[in-house]
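There are structures below to look over.
Presented sequentially are two complexes of chain A, the first with chain B as partner and the second with chain C.
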Partner chain A sequence: MSNAITEIQDTKCLLVFGYNAADSHPVVARHINKARANGAKVIVVDPRKIESARVADQWLALKNGSNMAVVNALANVLITENLVDQNFINNYTEGFEEFKAVVEKYTPESVEKITGLKAEDVRMAARTYAAAPNAMILWGMGVTQYGQATDVVRGLAALALMTGNFGKRGAGCGPVRGQNNVQGTCDMGMLPDVYPGYQKVTDDAAREKFEKHWGVKLSPDEGYKITDLGHKVKDGSCRAYYIFGEDPAQTEADLAHLRKTLQAMELVIVQDIFMTQTAEMADVIFPATSWGEHEGVYSSADRGFQRFSKAVTPPPGVKTDWEIFCLMSQAMGYPMSYENTKEIWDEIRELCPLYAGATYEKMEGLKSVQWPCPTEDHPGTSFLFEGNTFSTPSGKGQFIAAEWRAPMELPDGDYPLVLSTVREVGHYSCRSMTGNCSALQTLADEPGYIQMHPSDCEKYGVKDQQLVWISSRRGKVISRISANERVNKDVVYMTYQWWIGACNELTIEHVDPVSATPEYKYCAVKVEGIEDQAWAENYVQTEYSNLKSKLRTAARG
Partner chain B sequence: MNKYIFADSQSCIGCRTCEVACVISHQEDRSLSALDPNSFAPRLQLIQNAQVTVPVMCRQCEDAPCARVCPNDAITREDDMIKVNQERCIGCKTCAIACPFGAMNVVTQNKTVGSGLFARDETRALALKCDLCTDHQEGPQCVKVCPTNALRVVTPAKVEEVSANRREAAAMAAMAVS
Partner chain C sequence: MKKITTVCPYCGTGCKMNLVVENDKVISAEPAMGRTNEGNLCLKGYYGWDFLNDTNLLTPRLKSPMIRREKGGKLENVSWDEAISFASEKLKRIKAENGPDAIMTTGSARGPGNEANFVMQKFARAAIGTNNVDHCARV
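On to the complex of A and B.
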């Protein structure tokens, strides 16, 4: 995020795009409520009437898969109605003319059929956004989990650029993250193309710095993305897969394909705290400590480093992630060893100019230190781009436009409904950490729910709370109908953490060309009622018991 | 005047943390792990429909219909609130029908009484509604856990303060007209 999460309260306009804070981040939802109470205008762009939409000044219920068209239409209105900050554009940005040429034809009127939005509503939203002295855009997985994701992110950033909404408090862009510490994994170089601190592996100077410090030769080539692995294992270029803190057999798109990839690997190592379905397929399992059993540093979505301490002593024989990495490294012939996490953190600070001043001492007492924090006397950075200098080679903000592309798999006669995968507040991510909590089980349990508009329920002859089959070209699962007036017609929604009603058996591995994130938000499915509900209830219980007993047996070893 | 818990639908995000906190607060063992999904009976219930998201619970009415219809005097006004004496409840459900908010929930509990030869199963009825967590030192647990501060205890003093502020604002508005 370009701004601290707390700055949400300081903004005068919030454009919430494809982001359901109430279910994903209740803490951010609270900040959105406070912004409203402080007089901010709130515009929500989401196909569902999510909690923020319910209390927003304006809710734009766009059609699923039309993000780019909506963003281009908003940009079109800002430009044609002369609501832009020309001074900011002239002095601090580049590429505006090329951008303008692309969005010129995206009048809200011309894209009404694609977006499902009345032109006048889009115009009103653009005017509200431009009228605010400072405005923030928040977006979530409703933007990034599409085949056209990076383009939309650039488009949203362009809205902020053309209205001068960067470089000041309460003005900017907030891509809230999908999971706790996703920001941290990016910050620490878990992306295939960067070292810690966003230093490119292809940058000779950066690579030489790390080579010198670590005393090893490093590859100048970018690594593989998780979505590349299917092809890499097929052509023999990747044969081992070391997974930690992740459950791809639950969370990846098109699970049948993912299982084939795992099976084709010569070696699968899983480092986790529970026997997940991924761990069950592993050749080697390293039991690791959970968040309460070790110490470390998290990065929150707003670039804030926060230290946390160990609260519980782990069971014997269980090691922390960093100790396991050191042992693995030693076993492979590289003498990696550290005394404690502070030693590791200080090495990170030494090698990453962005984090150099974020000392353990500064984080003492639950304080958050936001990078960039270049020196020890620097307090950290609440908002980026002060003085309107951007982190591009020229220092100028770049306008990059793109044409709208339709999602990959459109509904048809055989699969007439769109499936979009979403979150629910009670369960965290793949649910390995929350699935055993009785309170959360009480609120929602297997096989999970498929949210469907009441008129679609009638159309397909299914009733609220009934079990149904949902199938796509890739798989078939059972789930329970939740008749829900807040969702739009012709689209169904499922949360992705259920074992029996696993919606990722259905999703498609169509990825964004830059981020390589799959299109979790759009694939074609059909829903079929089940005559014998008693049989179906029994089937769910049996399947769930069998799966649990399989994992229990695997855990015993 | 009675005190009661007010829920602000503009702040509620529908997370149901209040429901879980309510159940735990009324358990003998007040730990999360003691929660039994089979007897989950929160005294406030989240309503989430096309228009609104908000938990609904007892308003501690001054002229409480539930108390007036109870044939066994199990419901009384005490300590600025409406209390249910579970020992006197016979499970007739008249209070549940009388409550205009649907805030009274009559549940049954199976219990083994006596021992050895004389052990027998007995069904006990309980009329459950918000008791402002009077048994809890920290007060209403739903208020404490709400992540968006959508719940608050409204006391007679608070009602008077809000009214006084409104009168002030009304007077100022009147001045603006003249």
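On to the complex of A and C.
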């Protein structure tokens, strides 16, 4: 995020795009409410009437899969109604003329059929956004989990650029990152193209620095992405997979395909805290300490480094993650050892100019340091791009436009509904943690729900709370209907943590060409009622206890 | 009873909280005055810690290294030495036969933290010799 989460309270206009804060980040949702109370205008762009839509000044209920068309239409209005900050564009950006040439034809009127939005509503939203002295855009996975995701992110950034909404408090753009340390894993270079601190592996100077520090030759070639794995295994070029603290057999798109990939590998190592469905398929399991049993630093979504602490003693037999990697490294012939996390952190600071000044001492207790923090006397950075200098080669903000592309798998006669995967507040990710918490488990359990509009329930002959079959071209699972007037017609929504009602058996592995994120938010499905509900209830319970028992047996060894 | 200041492990907001510990067991969680959460927590922050007590509600905790000696065989408990040697020998052979890029690694965006991920990517880049490093940011 270009700004601290706390700056949400200081903005005068919030454009919330494909982001359901109340379910995914409840404490961020409080900041949105506070912004509203402080007089900010709130515009929500989302197909569902999410909580933030209820407090919004304007709710644009766009059609699923039309993000790029909506963003281009907003840009079109800003330009044609002359609501842009020409001075900012002239001095601090590049590529505006080319951008303009693409969005010129996207009048809100011309894309009404695609977006499902009245042109006048789009115009009003653009005017509200432009009128604010400082405005922030927040987005979530409603933007990033589409086959066309990076283009939309660039489009949203363009709206901020053309209105001069960068480089000041309460003005900017923010993807609100999902998992607690997804920002941190990026910060630490868990990406195939960058070392820690966003230093490119293809940059000779950066590579030489790391080679010198680590005393070893490093590969100058970018690695491959998690989403490349399937075909790399199929063509025989990838034979081993070391999975650390993840459960891809629950969280990847198109699970049947993922299971085939894992089965085809010669060696799968899983390092985790629980016997997950992925661990059950592994050849080697390394049991690790959990949150609460070890210490370190997390990065929050707004670039904030914060220390977390050990509270209780881990079970005997497990080791901390970094110790396990050191043991493996030693065994592979590259000796690596550390005394504690502080020693590791100090090496990170030494290698990464962005984090150099963020010492453990500065993160003592409740304190937090937001990077960039280049020196020890630097306080950290609440918002990026001060002085309107951007992190591009020229230092200028870049306008990059794109035409709207339809999602990959459109509904048809056989599969007439769209499935979009979403979150719910009580459970998290693959559920290995929250599913083992008694209060959270009581709130919701297998097989989870399909949210469906009441008129669609009538159309397909299914009732609230009934168990149904839902299928796509890739799989079929059982789930329970939740009739919900806050979702749109012709689209159903499922949360992704259920084992029996696993929506990722249905989703499609169609990825964005740049980010390689799958289109979790759009595939075609059908829903079929089940005559014998007693049988169906029994089936869910049997399947669930069989799966649990399989994992328990595996864990006994 | 003691209170340990930490960060909630769910979602990227980064809420500061205290874990209340008695006899080496967490008994409750309370919000702290963190930069962003300002004394608030959500449902998961308040009630998301008891998996630490190995409740076995959903799936058991892993407590011993395990290996599967042959494909289709059973996972069995082994010592750390045996597990590390089993895994590293296989990785070394694959690296010798197909090069380091035949090995894929992915990091964890969840509980382990920044230091653990740094050490993992260093292991992949320096010990294995590949940039095949990724994580679930894209999924």
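Here is the rule we use: the second predicted complex is superposed on the first by the 557 of 557 C-alpha atoms of A that agree within 3 Å, B and C clash if a C-alpha of one lies under 4 Å from a C-alpha of the other, contacts with A are read in each partner's own complex, and residues count from 1 in each chain.
Throughout what follows, a residue touches a chain if its C-beta (ideal position, glycine included) is under 8 Å from a C-beta of that chain, and two chains touch if they have at least 3 such contacts.
Since this is a predicted model, take the numbers as computed values, not measurements.
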item	value
Overlay on chain A: chain C relative to chain B, clash or fit	fit
Contacts of A:Q466 with chain B and chain C, given as first, second, both or neither	neither
Which partner reaches more residues of chain A (counting touched residues only), chain B or chain C	C
Which superposed partner A:L218 touches (first chain B, second chain C, both, neither)	second
First, second, both or neither for A:E485, with chain B first and chain C second	first
Partner chain in contact with A:E51 - chain B first, chain C second, else both or neither	first
Chain B versus chain C as contact partner of A:T389, first or second or both or neither	neither
Partner chain(s) touched by A:Q533 [first = chain B, second = chain C, both, neither]	neither
Touching partner for A:R552 - first (chain B), second (chain C), both, neither	second
First, second, both or neither for A:S110, with chain B first and chain C second	neither
Partner chain(s) touched by A:N33 [first = chain B, second = chain C, both, neither]	first
Smallest distance from any CA atom of chain C to any CA atom of chain B, in Å, after fitting	5
Chain A residues contacted in one complex by chain B, in the other by chain C	26-27, 30, 425-426, 437-439, 441, 443
Residues of chain B defined as touching chain A within the complex	10-16, 19-20, 23-24, 32-33, 35-37, 40, 49-53, 147-149
Parts of chain A lying in touch with chain B, wherever the complex brings them together	21-22, 26-27, 29-30, 33, 36, 49, 51, 54-55, 425-426, 437-439, 441-443, 445, 485-486
Chain A-facing residues of chain C, complex	4-16, 19, 21, 24-26, 32-37, 40-44, 47-52, 54-68, 71, 75-77, 80, 83-88, 90-92, 94, 98, 100-139
